[in-house]
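Multiple structures are listed underneath, in structure tokens.
Two complexes, one shared chain (chain A), two partners (chain B, chain C).
Moving on, here comes the complex of A and B:
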């Protein structure tokens, strides 16, 4: 029904192949590469997210039942600031392997970012019910996943860990507190998780985003800084950094950050406009419009990345 | 003798009732420990505090702000709903509506109630059980009309979404598929579809309907006064609008007019309309549209609302209809240009399909639209809306109507939006 009414702006994704609702890139140079999955994982670790996506897509086209490939594709797409693709991939992974805990957590995060509270809570409830450590807490057969109920479940689970911190459980708590706009508690949860895994760049980003959504933009910037130190190719975090710059009124810096992210995406493969994130372009246009430079706004609307990079003196990271 | 018998029966019943009442009061009084008051529900404390209403900029899809002149008109003393002075005011209103609608229809009046009352008045009078109705569903108002129509017993009601994605209906689709197939007695179309921000062209549709012996009903609640509309020229049979949009009067009255063709059908009904309150034969008499010398009590007209409606029509007459149309168009174009320069996108792509009174903006990526509207209300004391019906979650809606349609207000809204865009961008966890 929504599709009938919306004039939704599609990022010019033109693909000819679709599987389970996921749109694959046309002209994938890695289509028949052997060990595509292993290489894809490696590229993701290195921070070359676009290449990772192509390799993982190739792996899936070679074996569509590879649940792990779908999982890594999902998390990589999220890091690459492509939420819709992340959701579809993770859902596909869970169809093949319903008890995949990282996929459930990642899906909950993606739903949270998309404002889909019920679905996020449902994914988290499933996370508990499939988790060997906590599943005894989940009441069987109870399907409605209300935020308060699932939150209670996670808090009960946390009580089981008297002298240690389960960073994944804390991540779930952080997500739930985010959903309920209880940002201070969410910050505590992510900080607890980070105390166990200080090198986890995803957690640093989650902390930063929580701080930002809770109007603590300066602290958010610091957290993103840590994330990007650990993983310079982390597109989502750079996007978030740009947003916090907007919040702080630092519009030039915001533009710079968005341009850096877009450039990184473009550099990875000789890819067209298609593989750059539509969200980042949209955020860039808004940031540029706040500079009151109509000619630059023109360039942003037209997608002229080169001109903008020149004007803002953005080099390669 | 039969009547006396009845009367006695009635009287006895009445006596019995009074006795019972007395008994109950007595037991209540006993119950409240010797307190002789029979009021068991205490006076609400909230009404012992003064009424406080804030001022805010009403830039949503309605109601719009009411200028002082019209508010003050409503503060005039209340007189009888059938006093000659009220009949004079009602006559002024009728003339004003004829001007606003560009019609010579004698059957022109204001329904007591808001836009929905007029919608029901139109439908309940024009349609009888067993007849079929066609509604063009290009937004929420078509859905509402269908919903109302379904309540008149078992009625074949066809809602066709033969409108394209941005809400404009294809003429050939209307005639060939719908009118000839279903042979409806009434075809409903929203002119200003405020849920999607679409202005639907009306040319040719009236003629098409009449070819198939069908009445043409148009909802112009969000459009009338802000964009050209010629009722007679367009062969519209029933047209209505609301007081609380372009007219800037408080919500409470809904101007409506019926063509000769519509009157013929309505006044020759086989059955009575399901609603006594909205029965046109009664309303026509109250408003002096039926040619009868005397007016019979039907309902208590909302006299205060009549004063403000009369004055709002006077304001329109002073400005001039064409000037009002041009002003709204100019302001809308200025607004749209401003929005696009901020990186926002308009929901309705074709320019000629954009409703000048209510603008729909694509909800920007990366924002929760509810946070934008809440932030703007809290920080700028300004109301804008989210989507409605089919557009929920997809758009922001800004209404600039009547006195609210000005470049200064556009600048205010743009500044508020800019501020919200700066502060409300959601970060990705």
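Moving on, here comes the complex of A and C:
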């Protein structure tokens, strides 16, 4: 195990542990916990995302070659609205296990959210080429993936499913249509996936985000509502809900939602300087700026969560 | 001991530090030397205000120490980009002490350009080339995520045609004549914010924004691109910059309009066809705009 420990650097200027771009929480109380991975998965299922992250990080520190731990850490960080951490984790997973389909799909989604179209298409192409059901469709030695090419590939694959719906394939289609700004078709794809998996809160959020980006904000709010009913700790969906509130002019509701999300992130463990999502703070600042209360904007800029929670009457969940 | 006037006063904000800390960092790879010269303003805010209130200095990290810290970190961490170095400085002050609340760094890079002739680079000689000034600022609160801005300033460009100004609002105080063809000279200031602090190629991003602004200003090299106003050109540069760099969330550009006026030579019996112009020192127009990426919902 010495070779892998050498890669984990302990910076002598500050106390940060990092491994090829993933920055671990410094004072992890679960550091030496046995069965950290199993517990991490359980916490993620319960919606306690911050605790899940800490447990999964512990599992990885105990065994940096655990590709499944990297995968779950990646998807959990995405749910926790920490896209960069998600991308790095999923990439580490795929280095260890290049054919991990859930990791490839999750990575494509994260790249899409980050505006990295080419990388998203590449991940989706790899998803097809490693998928036992569809890999015969992928031509080897293809040049860098173009959106239209990969879309065609997924549509060909969909034709193979005449009497059933493959929700994962439909998710890929939904992502591709999002990349091409064809929001109506993306909505159809995610709806098809939901018909097979109506309890999948990730799918409800993806449907909502697609509706929102296609300017159908009211319908988006409904979809996010379904996601949050199924998983109240789903930080990303609550962030999205806040964004839609801004778009609908409901600025107070937007602020409320962002504060709830930030508080949920903070509550779990107060030991890291990276717990709360930068995105959510940025969105909160925007929502607060629209309320025309300069003293609150000052509090938002300084990161004073307690004061804002008091003013907007956001209690502990 | 509280004096009566203390009761009528409360703190809005405090901070102190060292300005204009200048260093030149040399990296030697055999005979080939790399340099970066920078100028830094560093400010920290402490948890306690007792230094201001009672003259108790026990918490103060002297500004001399702050200066030494910049020097030492340049040696310990090296300086790859001013943005990364600024991040390193902020992180140091927030994690090496338990009484620092906030750290802010503003940094400028000296525009040294390696000497080159006929495609051959000099190993260790440079010339000062101030065609644009590169700067950045990083701010980070304790338990918070650093916010990084980069910028370019004092980039002065001029074009002699493909600029006009018509159809503006007129009132009794308006004397400006409409024009379809004028000189357009400006000294660009642009500052943009990134949406993360890790994994960004700061050099590439800065180069891209600088080139995008010049591209929108100048247009194609053979015929240029018409500018109906400074506002339009400014906005187009912003939209293109955001499009090209997904890591940038928001960009502010300020373009003064440095006026050149055709000199009326009729009293000298000469017809000056916009050939000899007077550079107006003051006043100058000042056009500003800030745009940000629309909030996208996350799949």
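The rule we apply is simple: the second predicted complex is superposed on the first by the 298 of 317 C-alpha atoms of A that agree within 3 Å, B and C clash if a C-alpha of one lies under 4 Å from a C-alpha of the other, contacts with A are read in each partner's own complex, and residues count from 1 in each chain.
Throughout what follows, a residue touches a chain if its C-beta (ideal position, glycine included) is under 8 Å from a C-beta of that chain, and two chains touch if they have at least 3 such contacts.
Just so it is clear, the model here is predicted, and its values are computed rather than measured.
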Superposition on chain A - do chain B and chain C clash or fit: clash
Contacts of A:303 with chain B and chain C, given as first, second, both or neither: second
Touched partner set for A:279, first chain B, second chain C, both or neither: both
Partner chain(s) touched by A:206 [first = chain B, second = chain C, both, neither]: both
Which of chain B and chain C A:109 touches, first, second, both or neither: both
Contacts of A:236 with chain B and chain C, given as first, second, both or neither: both
Touched partner set for A:84, first chain B, second chain C, both or neither: second
Partner chain(s) touched by A:21 [first = chain B, second = chain C, both, neither]: second
Which of chain B and chain C A:294 touches, first, second, both or neither: first
Touching partner for A:249 - first (chain B), second (chain C), both, neither: first
Shared chain A contacts, counted only where both chain B and chain C touch the same residue: 81, 83, 109, 112-113, 115, 174-175, 178, 205-206, 208-210, 212-213, 220, 236, 239-240, 243-244, 246-247, 278-279, 282-283, 286
Residue ranges of chain C touching chain A (in the complex, touch as defined): 73, 76-77, 88, 91-92, 94-96, 102, 141-145, 195-196, 198-199, 246, 249, 295-299
Residue numbers on chain A that touch chain B, as the complex places them: 1-2, 4-9, 81, 83, 109, 112-113, 115, 174-175, 178, 205-206, 208-210, 212-213, 220, 236, 239-240, 243-244, 246-247, 249, 278-279, 282-283, 285-286, 288-290, 294, 297, 300-301
Touch list for chain B against partner chain A, complex: 161, 165-167, 196, 341-343, 345, 347-349, 362, 364-366, 368, 390-391, 393-394, 418, 421-423, 425-429
Chain A - residues contacting chain C, complex: 12-15, 21, 23, 81, 83-84, 109, 112-116, 174-175, 178, 205-206, 208-210, 212-213, 220, 236, 239-240, 243-244, 246-247, 273-276, 278-279, 281-283, 286, 302-303
